[in-house]
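Two complexes come next, and they have one chain in common, subunit A, joined by subunit B in the first and subunit C in the second.
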Partner chain A sequence: MQRIKTILSSAWTALFGDPVRAFGVVSLVLLIALAIAPAKEHFSEWHRYQRQYLKLIHNRGDALSLQRRFQPGIHQIWLPNLGVVDRCTTCHLGLNEAGLADVHQQPFSKHPAIPHSLDGFGCVICHGGQGAATTVSEAHSSERAGEEPILPARYIESGCGQCHQDQLPGTPQLNLGRSMLRRYGCVHCHAITLPDGTKVVATDHPPSLAHIADKTTREWIFSWLKDPQAYSASTTMPDFKLSDTDASDISAYLVSTSTPLPGDNATLDVKSAMSADPSAGPSLYGESFCSSCHAVQNAAGNLVGGDLGPELTRIGNKAKPEWLKAWLQNPRTYDATTPMPHYRFTPQQIAILAGYLQGKSDSDYGANVHLDPGTAVQIAHGRKLIVELGCAACHEINGVQKPENFAPELSSIGSKPLAQILFLPGMEHALSSYIVTKIRQPRAFGTSVKMPQFTLTTAQTDALTTALLALTSRSRSMPDSLRVAEIQETNYQPAGHAGKLMTELACLSCHRINERGGDMAPDLSWEGSAIQQQWLVGFLKNPNTLRPALIRRMPRFNLSDNDNKELTDYILAVYQSPSIDPDFTLPAMNAAETVEHGRQLFYSKYACQACHIVDAKTDKGYIGPTLTQVGSRLTAAWVYAWLRNPQALRPGTIEPNQNLSDDDARALTAFLMSLKGPGRRGTKQ
Partner chain B sequence: MTRQFASCMTFRPYGWVTLLALTTLVGCQRGASPAPGLKATATGTAIVESSGGHQIGVTGTALNDPLVVQVNDDQGTDVTGALVEFHGPAGVNFDPAVVLTDSSGQATTTVTLGAFAGRYKLSVVTPGKSHPVTLEVVETALGYQQRLGSILADKYCNRCHDPESSPERVSNYDNLAVKPHPFTEGDTLNKMSDADLTSIIVHGGPALNRSALMPPYGTTLSAADVRALIAYTRAVADPPYQPAGTVYARK
Partner chain C sequence: MNAEQTIEKVRGSRIWRSVFRSGTGNSTLHRALAIQQNIFLHLFATKVRKRMVRFSATWYLGTLTLGTFLILVITGILLMLYYHPSVPQAYADMKDLQFVVSSGLFLRNLHRWSAQLMVFLVFAHMFKVFYRGAYRTPREFNWVVGIVLLLITLLLSYTGYLLPWDQLAFWAITVGSNLSSAVPLVGNKIHFLLLGGNQVNANALLRFYVLHCVVLPIMAVLFIAVHFWRIRKDGGLYVQQSEPKAQAPSDSIEPAQEVK
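Moving on, here comes the complex of A and B:
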């Protein structure tokens, strides 16, 4: 003790014994203290990267210009209206340097080409992470409360989705995710309100279960509930992982509350239900183009056909024969809003088609399911389960109300604070990994989770995650000027008797009119300006194809002459384009000289035969519609306007706008209008 | 993936020694760590690609099809239980990176390409009897611009330029008197400058004294669209397109 005291006092004397020495020592300590700040900066991470960058560009050919543009110190992109304070460019020094395209060493490489400037949007809007940080670990991987690590590259399109509510051609993953939110019925349970206040509306069509006992058996319902994908691999119905008892009780409730519909037992006036010709079924199925909407599994296990309607591989296991006939007779009796057209089949055709579809069955499917009639206890338990699982959020069910806000709202899911998330052991602490895991295995988060198991590919879960990550709080606080609105589906409804016919034929399931309807077939908004009435009458009677290479085609609806006239009159009168002059005439339209000039232009100058067929013997172009009889199909005014600017009449059409001169367009129109075709010669295959 | 990438990029402030050590490790080679619990029961002397090479994917995203290789012995019969390691440049991720060949001698892995657009040279290694045997596989990652180009090509160009028909799209290639060049045809397209390609897309074939069967798209497509199409063409060219001064994703 005494010794330490001696040492301390001698040290004190040595350092501060006389005033001059004390002054020197204090000055030294002060100097060192002062040097700490510059030293800290000198040894800081970003400073090291800047020195490394200078070394990297030192030996390059364009070193001088790169060095001239290099500014030492901390760089910052500050965008107050977006809430962006990004210092990423302090280390990522080559982002804007076109000359560094060959450098693949981070953090110095050039940013890949994108439609926006970095100075206008900053970095974190798309990439996430902490923009204000100046160390790599804090900027890229901070997980402190409220802070998000950088977004994995595979979800990068979610950044675009914060402003762009419309479909961008360059963001296929985001577009897929958004359409899946509608198509897979996510929004039946989870409400999503977009930043502009519109609600996301489901586009799937979950069938009403109010009359289900007319359609199918309790055994089928049981097997379906146990494993929907076993019946139809492509169905969007998820698996609720029900026990045998639960599935049985739910089916008991559905069957016991189902009310019969008078029209659900078709009494057909047919002598023999099945046709003698075994190929009659398949050929009627093919002629009616059922496969444009319905898929069937082929021998190799691949689905062939469209996805607008349900898969029909095992329809014989499901549909009761009488119901199937009634459905084919008029689907709107059972379901007034179905996208399926009313085909107006003859009783004979109905019998053939129903027999053919009934044969599409799998004898193993549900073979071991035998259920005794449900007891009152079972039925009550079934109802309890239906309420708990939220079945009525998608399906209309007798005796159960559609629940409101059944599942958490997802309008701001892209900004869910990490502190509110319970991560599973071994899971990466990031919002993206939480969302993707939740979609992939919802029940892994606890046995009380009600969310069912969806059958999705990795690409699909990634797409859904991308679409959900785009729903950030920043997308709501963004200035309105930056927001690109989605083209909203209208609730257009054609009027009158023709309108009723169009609803029955479900024209809008495939065609789009006035921003409503499907995209399988051409937009008909201006069809009245485009076509000649006589042609349309013939086409509706027997729709021979205009595009030989297409697989999905317009079916024949067996319309009566009256209905046909009613419909064509309506289309001609109502679907007129304001930009087409109805009084358009070609001055010397039939002059042989003009027509010949047009022919020359068609074959030589513009080489239209690359895509179109005018002379079926010599031309082979397969891309555009066949033009052998275009003169009796289209109006001259439409052809002329189309040639001048196809995209003005049908946005997104692939025919290039060739910037034709007025004279060339008129000559070509004269030539095309001279092609009347040798009567009705279809290219039916 | 990001996390691995980030940690491989991270410099912790421990001074010059760490910096030196890390600069010598530039490239951050991944995938070579021997996985615990994997014991080779056999060795092969040759390694061949079964499927999954020459794919065109998207940056940062898993390739559509897995990479499958097969290990054979001297006689050319497949070897079961041979150790196979997958290596790639920085940012490339393999799931799994080390595999034992299955009963048909095959090793399968899912490849996620890195954040840079371009070609990735991957190497697949098996120990072999005396020295390691290596197989090189090339995959291509498209960035935003190239992928936009591929989407536009699919809409506007491939019906004529791609000779292959698919169930959804019949190719028009055979119907044309003058055959278009498939976008992968590097031998022809690599010789054309960006300016030439731009004129032919914008003004049509006659702009370069070529066939009028190629129509002008200058009014239909935007300048950015045309740039995207060219970037896509350059990305998928075979043999690879090499502009002056530019190298592969990894040297």
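Moving on, here comes the complex of A and C:
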């Protein structure tokens, strides 16, 4: 102890013994302290990476040109109109170097090929993170400062979505996420306004519950509310994690306020038809192509069928027989806006189909549910729950107003500051992880959270997260010239009696006309220019498939001759393309010779048989439509115009534009128009 | 000595005399004039007791406070070259100091730590003055000036807090400015005046910037000048009455220049 004291005191004397010495020592310490600051700069990370890069390229064959392009110091990409300063290229030195394609060592590897120049778009617009930073930790994960870390690569498509409001072929995840925002009804509760000012509109069709008691029982509603996925694995209805009492009270309210519709309880007395042929049900279901829209779970547990309508695996547990018959007779009586077409079924067909569907049931489903009639207190409590949970945001419910702005708006969710987010313990402090967790387990963020539990796959949650991350404030503030607008759905409505007929048949559920409608079936905007009247009449009477590889087909609607004629006339008169010359004629002379020349062009020069079938015996092309009777289906003017430039008539079609000469196009047209189908082969034009 | 003669010659030259008004000579008068005739030094006493400038007398707390203030002025001016008091730019400018400005982080840290140190030193200085009884007659007014300087120091520290425009700054100023709303009757008016609005935003940032870089430093310089001038007028660092009697004998009067 004494020794330490002596040493300390002698050290003190040696350093600060007299004023001159003390001054010298203090000055020296200050000098060293001041020298540390510039020294730190010299040993900074980016200096180290630039030295490493020079070492890396030193021994390469293209060292000279690489060295010539290398500039020491801090690099930056400055985009004043986007408010972006990116210094990433200070360390990521090989991004633009095509020669470094073989280098996989970060930060020197080459950027994968993208349609944009790196210098024009910078890095953080797509990758997030802090572009201005010059150290790895600050740039990639400056979480401590509450700044957004770099975006995980699996959400990278969100970067594209900031400018591209349209669908890009290269961004399947973003496209899926965007369609899910509409299809899963997210936008019923969360308003999303796109940068161009349009609102995202839901494309799902949550049924009205105004007449629910006609359709189903209170017991089914209870079981459904408790676990929607148990009834239908593919439903978009989320699980609200309701207690038995709550589910019972909600069902009590819904049943008590439901108003009956005339017709829903009428019995169709044609039961005898059912027993006649047990295969009549399945074959009618198949003939009507119900599965184009409705899915059914097969024995292996896989869903087979489309997703436009609800899954029908256990429809027998849900639908009351009388309601089902009324629905099949005319769905629009119960729900005026349903996407389901009005099939003109005969009473006997209705009975067969209803009986077949009633058979699709699961005797275990809801077997133990027995509810006593709801009391006034229960009904009142049910209503309170419906208001609290926002059921009316999606469903029409008697006595409950549709709530406005029920859930937080998501128009700029992709730029939500981290400081405004309450993260769960152990969660990565990043917006992407917050969004993805919120979608996966909304209730983990507290018991007062109303958002229900959705059943989604990882791919789906990632897609939704990508679509949400694309909704940044930058996408709203950027110059209009950078924005690629979405193709807007119009509110096109066919006119007149034929228009009413088309609404009844729900043509737009599958077909697209004048930028409105589904994408399951061909666009009909210019159908009138394309097809021949006689063919259309026959097709509507008995639709056959044009594309052998497709499972989904046009159903038969049992139209009356009058309706059929009206519809055909309307389509031919109205859906005319302005670019098709209605007076187009093929050269009459040398008809046979031209046809033969066209055949050669078809088979040898252009090898069309790779995708199309002309002779069912020899050709194997399954990609495009069958052409065996194209001559009696399409107009010559359309075929000619199509051959000259397919994309001009239908943007995005995969038919290649072969830049045919006029002569070749005419010869091919002549050949194709000579194909009149099996029964009429060889008839003169 | 030759060197000394040369120095004397330089000091006697016309150029020297035109710059430094006092002439050569080692007389008490000349030494006193050297202090008195210099605009910067005339605020100080022309004569100081030698033991009064010993470390033990004041612990140099006032001088150190002035030292930190000078560091703050110099680094502050340099920082002003890199900083825009605007909402989209302020935080980015602060980060750029760290990322691309040469020794920018050093500059910023020097400013920040000197500011912390200055607040600490001001308090220490006041404690020392208080416990030594140096606030008593005739120095009551200088004590009051010191209190004003304390307030200015605290306000400088507070206004500087907002300028980084990060979350800490934003919420600290939100909370701090809300305190002013508690003033009876005019509280909300003061709050509005301080922030230039009802919330901490662009106007508040600009106001705090102007206060921090213009208004408060000028006030500080003025009051520091008054403070120093009063030290001299009130009789130096230490008055006879407050001295312990035992230390009287070795007391001698020396010209201020000898202190160095």
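The definition used in the following text is that the second predicted complex is superposed on the first by the 629 of 685 C-alpha atoms of A that agree within 3 Å, B and C clash if a C-alpha of one lies under 4 Å from a C-alpha of the other, contacts with A are read in each partner's own complex, and residues count from 1 in each chain.
Everything that follows uses one rule, which is that contacts are C-beta pairs under 8 Å (C-beta built on N, C-alpha and C of every residue); 3 or more make two chains touch, one makes a residue touch a chain.
Bear in mind that the values here come from a model prediction, so they are computed numbers and not experimental data.
**Q** Could you tell me if A:Glu138 is touching subunit B, subunit C, both of them or neither one (first, second, both, neither)?
**A** After superposition on chain A, A:Glu138 lies in contact with subunit C alone.
**Q** Where does A:Ala419 make contact in the superposed view: on subunit B (first), on subunit C (second), on both, or on neither?
**A** second
**Q** Of the two partner chains, subunit B (first) and subunit C (second), which one does A:Thr458 touch, if any: first, second, both, or neither?
**A** So A:Thr458 only meets subunit B here.
**Q** With both complexes overlaid on chain A, does A:Phe43 touch subunit B (first), subunit C (second), both or neither?
**A** first
**Q** For A:Gly677, is the partner it touches subunit B (first), subunit C (second), both, or none of the two (neither)?
**A** neither
**Q** Taking the touch rule as given, give the residues of subunit A at its contact with subunit B in the complex, in rising order.
**A** Checking each residue of subunit A against subunit B gives 43-45, 48, 61, 101-102, 104-107, 109, 112-115, 136-137, 140-141, 149-154, 156, 169-170, 172, 428, 458-459, 462, 549, 551, 604-607, 609-611, 620-623, 647, 654, 656-659.
**Q** Please give the residue numbers of subunit C that touch subunit A in the complex, ascending.
**A** 88, 92, 95-96, 98-100, 102-103, 105-106, 166-167
**Q** Along subunit B, where are the residues that touch subunit A in the complex?
**A** The contact residues of subunit B facing subunit A are 1-3, 6-7, 9-13, 15, 19, 26, 58-62, 64, 112, 115-118, 143-145, 147-148, 151-152, 155-156, 159-160, 167-170, 172, 174-176, 204, 211-220, 224, 227-228, 231, 245-247, 249-250.
**Q** Can you tell me which positions in subunit A touch subunit C when the two form their complex?
**A** Against subunit C, subunit A makes touches at 37-38, 40-41, 74, 83, 85, 87, 130, 132-135, 138, 145-146, 419.
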